[in-house]
Structures are given as C-alpha cells and as structure tokens.
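First chain A sits with chain B, and in the next complex the same chain sits with chain C.
Moving on to the complex of A and B:
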C-alpha cells in the first residue's frame, strides 16, 4: 500500500520546524524550500487523486495499526480535492507573499511567518483526511493557533485585538466540538468515523438525546469556526486587519475546511436517516440564507476595501452551507464547486487589494478613483474577480451558482433560486462601484503601468487565469465534484 | 427510577455541565480579558471532567497491571484523550495570555470595553 498520504503531512510538518533555523543561517533558501515542498505536495496529491479515481477510496492505517485501535486516514475524493485546493491556492499566495511581506512585517520574522503558514497548511491537510474525532480536534486546534498567529504577527494593535477575538471565539467553537465528540463517544464507544457511523443507528434508538445534542454542538462549533452568519463576528476584524497573504489564505481556505468537516460529519457519519429526525437542514438553510443577505448588506456599508471583501466572504460561506444543507446531489456538487471557486476568486481579490495597498497605500474605497489608470493590470484582475463573484457566465462563480440553483430545484425548494439571483445582484451593488470608480472616474492621471515586483504579478495573473479557465472549461472540476457528491450520498 | 435517583447517579455529568456553563458565561460576559481566559480554562476543564467521567466505572481500578492482582479496569482511553486535551488547552492559554500582554503594552489596560473606548477616541 502506498504511504503517500502520511508523507504529505509529515514532510510539511518537519520542514515547518526547520524553516526558522534555516532562516537564521541561509535566509535565501527559505522561500525556494517552502515553494518546493508545496509543489511536491501538489504532485503527490494529484497522483493520489488519480489513484483514488481509478481504484476507489481506501483507509491508510498509521503504523499498520488498524482502527479501532489505531488511527486511520480516509483517503477519498473529498479530502484529496480539499488538499489540492489548499496546496495550490497557498502556492499562489506564497509567491505573492515573497515580495509583499517585506512591507508589512519585520524581515527577521519572515521565516517564522512561513513556519506558521506551513503548520496551518499541515493542519488543514490533516483535517481534510482525518477519519476520527480526536484527530479532527487536535488538527483543529493547530489550525486555530496558527491562523490566529499569522494575524497577530503584524505588530499593530488592531491585528492583536482581532487575533485575540478570533482565538477566544475559536476556542469556544472547539470546546463545543469537544463536548459533542464526548457525547458521541459516550454512547458509541468509538472515535473512528467508520465505527461511529456503524453504531449510530442503534445508539439513536437507545439514546436519541445524546446524538441530537452532539449534532447541535458540532454544527454550532463548526459554524463558529466557519463564520456562518450569526456566528461570524470575529471574521471581518480578523480578515481585514491581517497582512494580505494571511487574509487571502484565511478567507480563501481556512473557513472552508470546517465546512468540509461538517459535510463529512453530516453525510458520512450521521447519515441522512438521523438528519431526518431533526430539522438540521432547515436550520442550516435559514442560517445560510441570512448569511447570504446580511453578509452582502454589511459589505455594502463598508468603506475599507479589505473589510468589504471580508463581509463578502460571510455571504459566500452562506452559499457553501446552502449547498450542503439542500441535501440534493446537485446542491452538494454546487457547494463543493463553490468551495474551490470561492477559494480562487477570494484569494485573487484579497491579493489584488494587497497589491493596491502595496503600491499606493490606499485602503478606502472612495479614494480608489482613477486607480485603473495607475494600476491597469491589478484593477483588470480585480475586475475578473469581481465579475466571477457576481456570477457572470464565463467566470467560475457562475458555474457553482448555477449548480446551487439546479440543486435548489432538485430539492423542490425554488425559493432558493430567487435567493441566489437577488444576492448576485447585491454582489454587483458593492463590487461594481469599485470598478466604475477605478476606470470611469474623472481622468486626471497619466496612464501608467503597475509597479509591482515580478512575483506579485505572476501570482495575480495565475489566479486570474484559473478563474477564467474554470469558468470556460469547468468540465474536469464538475466531474470531480459530482464524484464527491455521489460518494457522500452513497455513504449515507 | 425517580428523577432524583437519575440526578444522584449522574451527578458527575451534571456537575461538569454546570461548570461548563459557568465557564461559558464568564467567557462571553466579562469584559476583563484575563477573566475571559480564565472562563475559557474553566470551560475546557469542565469538558475534560466530562470525558474522564465517561470512562469511569464504579468500583474499578486504574488500568495499571500489577502481577498477581487481577483487577477490573476502568476505560483508559478517555483519560489519554484528556491528556492531549490539556496540552492543547495550555498552549491556547499561553498564546491568549501573550496576546493580552501585547494589548496591555499598547493600551495600558486589559479591559476590552476600555480598549474599545480608547480606539474610538483615536479614530
């Protein structure tokens, strides 16, 4: 059996701890090493994904100890798909970060930043494939601490405060998850997802209260960490005050990993039969709809461009949970597609905003007048991201919104098609004014070209190409998402 | 079984849930950041108590094998989990406290309401 799954996690973990030492003696080797290790991870995950597509999912038992005694990783399409997104998006972000970080944090802290970044990646990789409750808890705590740390690394009081707020609420979330897993362990006696899934129907008959309370605790705990609407209060501060690469990874990937765990828990552990006992689908749908509308409403009122993008993330998380909660094949496909598409376009938007701040120092939306003449490339790429966010056909946002709408019809709840339509218009209300200000304002500037370092330009163009490519030729991604939704529905 | 009997048989569960709620309340309502961290710790400890009491079986011994003395053991797995949980909790506490020290250096207070007031005055 292949040992690739554990190799991806352990090599990143080891390299993360080598980086600060390397930074002290060979500072120039740090960036090539981290970019190399992530590229290697992408190759390994792609290989595994091909293997799983050909041979089906398998369990990797650590050290040869099979569960319930040992720990097993679930190597399936969902987890590998998520790892692929995590690693490729962070590769783009790191190429950007190389030049951007010098402006925001001290040079001596850079290797430490990369250590935290790589630990965050490792934790998320572990979360994607973890197949038992306790590994989920441990990796969740690692990702919480590192996610807070890459906000607090910028020596600014706003960042420290945002990070502390995030830390306290996240700890609350993991506390609730831990309580939830204790309740499940109490009635099943297992921590491994496979064994819990087997014994839950029986336990549901004997101790229904335990299962229902644990489900509520897990949904609320994951909801806090994924910033689902009424529980999103930490997100705008945290994502807007952090350095731009941190904002991009936090908004693009970190909040989604908890949605993925919730998908895994709801579909493969609890299963649709148990979900039918409680109106969890309706609760999640209501919260998602609220998130979509309120996130957009708050975003309209923002004056700071990164704060606006952060509130937009709250709305987009709503789409993902809408897809999860519809419980129809196309709905799940749409939710999973939106995880990938939003990761790409929100990273693009945050990095473009970071590039604007890098070159001009402007953060206020009203000061962006005529910026399109100073930074035509960056604003053009920002425009690509904005159009994708609104869901114009030809960009990747349209593909996932279309699948969500089909999913709503399949679930016979056409009201959500209207929700998606109205919210797309609301997205346009806050994204287009920026583009209009940038390109159609009073022209009092000479036409110039962006003065950005090469790394930032390459990274921005890479994200823009991915956005358009996945909008025009989404076939491969859709097939993968459909395979995942089949896998999830076949398990429950 | 009467209600009171249920309560007395499961007093450890009820106790840990009560402590959990005390911690939860402290975490959410106090404006002093140090008290918030204390609340966080109380909450975590309550969950650890809960997990340990799941594994406890009345009149059985800790799972330490001594030759010649056959014992009925309690379930050791929850205790092992709690050990990991405590380590995680300590690191979270340390990190939160270090952030509070930094905030204190900037603002000269650990009260979140006062920090908000200072910030609104500054902007």
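Moving on to the complex of A and C:
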C-alpha cells in the first residue's frame, strides 16, 4: 500500500515514454494503453483514499532519505482528492478525444499528443502530493511545457500565438515562484514543507519583510498560472484556440492544480498566524470578486462559444479563490467542492462545444439558432452544464455555491453572499440565450439526431450523469471536502 | 507615455520592497554554516552515497526524484518541438564543408565522444555528470551535421534512432529506481537497496549513480539532438 503513490507516478511516466515508440510500430495499441493506465490509476487512488481515511496521512520518502535530506510526498486527503479528479476527468476527455482528434490533427501525431497529455497528467499528479518546494517547481515546469505543447499541436497561427503567450507568461510565473522559494530557503535552510512550517514562526521574527515578499511572489506566481483576474490575460486565447480535448483539460483541471498548491502553501506551510500579519486574505478576496464579475462581464461580450466558455472559467476560478481566502471551514469546503464540480461541468461544456464544432463546424454563438433540432442530445447535455454553471438546485454547481455562501456567513462577510447571487444571475445572462437560441428559435430544420461517434456520446453522457449525480447526492463528496478542510485548518 | 511612467513607478516600488527583503538576509557564508542540511551532506554525504562529488550525490541520490523530473522536462520539450515542426522537411544536403573540415572533424570525433563518455561515467568522482556529458554527445551529432551536410547524419543516426535512445534512457532511469522497491526499500533507493557503495573515488563507487548518469546522458544527448534536427528542418508549406 505504501508504494502505491509512487507506482502511480512512475508507471504513468513509463507509459508516456513508451508511447512514441509504440505509436510507430503498433499504433492501435496506443489508445487502449493510455485508457488502461488511467483506469488503473483511478482504482489505485480510490484504494489509497480509503486507506488514508482509515489510517491517516503518511509521508513517502523517496530513496529512503527522509526530509530534510531527501524528498517526501505527502499522501493526504487533499492530494488524493485532486489526483482522483485529475484522473477521472481526463479519462472522460480521452474517450472523447479518440474520435475528436481525427479531424483536428494528423494521425501520426496522435501518439505524441497522448504522450504529452499523459506527462501533463503525471506532472499534476506529482504536484498534488508534492511536499517539497523544489519538487513543486520541477513538476510545475513539466506541466507548463506540456500544456503549451498540447495547445500548439493544431497547425494554426492562432494556436501558436496563444501557446507562445501562455509560455511567456507562465514562465514569468515560474520565475516568480522560484524567486519566492529561494527567499524561503535562504531564511529557513529547508525545502521540505514540514520543516519550513516548523521554522517559519521563528524566521518571521528575524526576517519579517523577507517572508512577506516571498509570500507575495508565490501568490502572484501561482496567480498567473491559475489565471486569477487580472493575471488571466493568457487564458482566453489559449483555452479557446486549442483542440477541444486540450481546452477541456486545461480549463477543467490544469488551472486548478495551482490553486491547490496555493491552498497547501497558505494553510499548511505559512499557517494562519503568519497570514494574520498581512492582509493577504483581503487581497485575495478582492481579486476573487473582481474575477467573478469581470470574467462574467467579458463572457457576455463574446461571439465565439469556446471563448465565452474560457472567460466563464476566469469567473469560476474566482469562486475557488473566494473559498480559499475566506479562511472559514465551510468556505474552504466550498472552494474544494468547486474545484471538483467545476472540473466536471466545464469539461462537459467544452466537450459539448467540441461536439458541435465536430458535426457542424459552427463556432459563432449567433449561428447556433435551431441547433437543438440538429443535435438534441449534445444541446441537452450542454443545457445540463449550463444549469449547473448558473447554480440551479439539483445540479452540482449549486452544492459548491451553497457552501461558499455559508462560508461567507461563517467568516462574517455577508457581502460575498450577495456577490455569489449577483454573479449567478450574470451566468444566466450568458448561458441561457444559447439554450433559448438552440431550442426555441425559428425552426427551419427537420428534427434530426446527433451524428456523433460512439466514444464522444459515451463521454458526454458520462459527464452529464456525474453533474446531476453530484447535484442530487453530493453527500460523499461533501464529507471528503469537509475532511480536507478540517485537515487544513488543523495544520495551521 | 503616462502608462509607461506609471508602470516604471510601480516597478520601482516593488523592486525596493524586494531589495528590502534581501537586505535583511545574513551573509551567505554565515548561512552555510548554520544550515542543517548542508552540514549533514558535507559530513555524511560520502559514506551515505559512496560518491565523492557531493553535487552528484545530491542530484542523483538524495534528490534523485527531482532529477527524474528535470529529465522529463527535456523529454517534454523535445516532444513539443517534434510536434511543432512536424510538417517541415529535412533538407538532405550532401555538400557539407570543405574536405579539410571533414578530415579534421573525423580525427576529432572519437575524442569528443570519449570526452563525453568520461564526463558521464565519472560524474560521481569529478565535476560532471549525465546532463553535461549528454550535451557534449549532442554537440558531436550537431558538428557532424554541419560539416558533412544533413544527409550524412540522416543516414547514420536518423530521428527514429534518437527517439528510441531518448525513450530508452528515460525508461532505464525509472527501472533503476524501481529496483529500490523490488529490493524492499523505496523508489530510487541507492546503497540501501543493495547497490555496492565501493571505494569512494573509484569508478565502481556510488552504487547506482554511474548507471543513472549513463541513462540521463543518453536521454539528454538524444533529446537535444532531436530538438536541433527538428529546428533545422525547412518549411515546405
């Protein structure tokens, strides 16, 4: 049991290294292999999650060198929860990608695409359990480069430009994080999160300005990568121009992993005592509120459906940071829940948009008139995602927004309840017109059924079922999120 | 103009703040003697790992997992470059430089190769290691490409072979790490997993470190050569 976390990472890496070779000689084996390894990972992580629930968190010391000499992974509920989301969402996306990629990229490039996709997953898996500053930096580099590559894979000038923009800004973010971690290393002499957490209170007395600067650098660096408003400028281009499976994984999961690292840093490394010295909570709350409003405002003005979804992600990232920065138990629970719920519904929306583009080639929102009669299944599923985004009770988006609102009351900042309410209305303003156009516009088409490959249909239905299931029976997920929030607050 | 000056003022304030943070710090020499980690590695490093070069001991033993990550970064970068230049064709020029240049590079080539091998294999004894030696090997293939024309390189070590070597290097690194789990210790365990520590300072010392260096050397050499080859390709539309 104790070796499982490292086996998940190493077997995924092994498969990623083998895929380019396999693609040349047995191209048919590539897709079953990558779907098999991700399914195996899901089973292993679920087992680990049960084990950690029963026996508590543990550390895995690589090479047998326990910190501070070596690197250790922290196998706790937060990391395993994130790995479970990463692997399950990407399983759905990959089942969709099998059929969708055929018309987007050349066949011989597919093994390379899967290699990069799997490396991205593995890097995020490593980031979820990393408990060492430099280890975080290394995995961040892998995820940056692979994310850029899966944007640039489509041979289109827009994609190359978006990818370059992302590469430059993301590298700036990595640079800031590296500077911040160097400052922490200089005053504490440790890279391991556990040891830094122990020696920071003492260092705070000796070098207060230094630690505040390091915190600022880390928050801004992670903020760029997580696309927190006003640091989001790269996101709309990158997420709208990429191929649909890439958009889904980038918007659904990749931006959130940096929020998770920031949660870990703020709560378990710096701790609430040091955070009380600086108005970091107020700064993050302001940025989150701005993100929620501005993201929705920009989304309203978009004519391209994928670009609208990308701006909607900027707003949703705001909710997650709102939950993190409220510093109250229900707030954190809500933020964690929204990481999972948004991953599912945004992947669903991007894949549904991808299915529309696959069948009809339509990207403009105004051209979607009557599309509900051509693709009733896809648009029905898009509707499920849209209702979840707005936060209608019975869909998963409601569950996390409800916890965020309770968290705002717990933190005695009821103004954020109003923020959540207004922004839900704003979401409705840009999601509902699409549904109205699709189903209630003038009908000049005959009623048809979607002409999509089986894999795409299965994947879309899977995401829709998850959205509704987690909306109606969210108990298990809420328990898990509450356990994580207790774990985080007990550490600081 | 106004935007620029506002940006400059903000940058100056932020810069001053960072300077203030740095000014608080003690001098590097004081910090080194205080750091628990560096003192431990300086005193115990050689007996823990069997490697005389402590930088390599940290890179391939204490923090071997980070090195696996760094190697993966190069792998991902090479894969990304392969994707970007996929539609381009390699101009197969047979011309190359003058015969004088060709003769002298042929005399030099074996020495360059052996120098690379030395830097890789003695990484745990003298300064060097897989990353540095791998770069020397990659330089050799680039030199041959320039002097003999691209057709020469294409025939002898084509991109398929390079992809194969790169993957093999990366796979070997992980398999060496898994030996640790197989022997009942942890991933990337070295001496504790039964690799022989040997006599410090000799080639056979350092347990798995020389093997890990060789794997990284192959990976880095093939990866960098792959990046170079994809970048000299010509756009055929």
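Quick notes on this structure:
Methods note: the second predicted complex is superposed on the first by the 491 of 492 C-alpha atoms of A that agree within 3 Å, B and C clash if a C-alpha of one lies under 4 Å from a C-alpha of the other, contacts with A are read in each partner's own complex, and residues count from 1 in each chain.
The rule we apply is simple: a contact is a pair of C-beta atoms (placed from the backbone, for glycine too) under 8 Å apart; a residue touches a chain by one contact, two chains touch by 3 or more.
In this text the structure is predicted, and so the values were computed from the model without any measurement.
In the superposition on chain A, A:161 makes contact with chain B only, while chain C stays out of contact range.
After overlaying the two complexes on the shared chain, residue contacts for A:362 are found with neither chain B nor chain C.
Of the two partner chains placed by the overlay, neither chain B nor chain C lies in contact with A:377. In the superposition on chain A, A:149 makes contact with both chain B and chain C. Which of chain B and chain C touches more residues of chain A is settled by the count: it is C.
Of the two partner chains, chain C is the only one touched by A:126; chain B is not. When the two structures are aligned on the shared chain, A:214 is found in touch with chain C, with no touch to chain B.
In the superposed model, A:13 lies in contact with chain C only, and not with chain B. In the superposed pair of complexes, A:69 makes contact with chain C only, with no contact to chain B.
After overlaying the two complexes on the shared chain, residue contacts for A:186 are found with chain B and with chain C alike. The contact surfaces that chain B and chain C form on chain A in the two complexes overlap at residues 134, 138, 141, 145, 148-149, 152, 160, 186. If you check the complex, the residues on chain C that touch chain A are 17-18, 20-22, 24-25, 31, 34-38, 40-41, 61-66, 68-70, 72-73, 75-77, 79-80, 82-84, 86-87, 160, 163-164, 167, 170-171, 174, 177-178, 180-181, 185-190, 192-193. For chain A in complex with chain B, the touching residues are 134, 137-138, 141, 144-145, 148-149, 152, 157, 160-161, 163-164, 167-168, 171-172, 175, 178-179, 182, 185-186, 191.
Of all the residues in chain B, the ones that touch chain A in their complex are 20, 24, 27-28, 33, 36-37, 40, 43-44, 47, 50-51, 54, 77-78, 81, 84-85, 88, 91-92, 95-96, 99-100, 102-103, 106-107, 115, 119.
Chain contact summary for the complex, chain A toward chain C: residues 3, 6-7, 10, 13-14, 17-18, 20-21, 24, 60-65, 68-71, 106, 109, 112-113, 115-116, 119, 122-123, 126, 134-135, 138-139, 141-142, 145-146, 148-149, 152-153, 155, 160, 183, 186-187, 189-190, 206-210, 212-214, 216.
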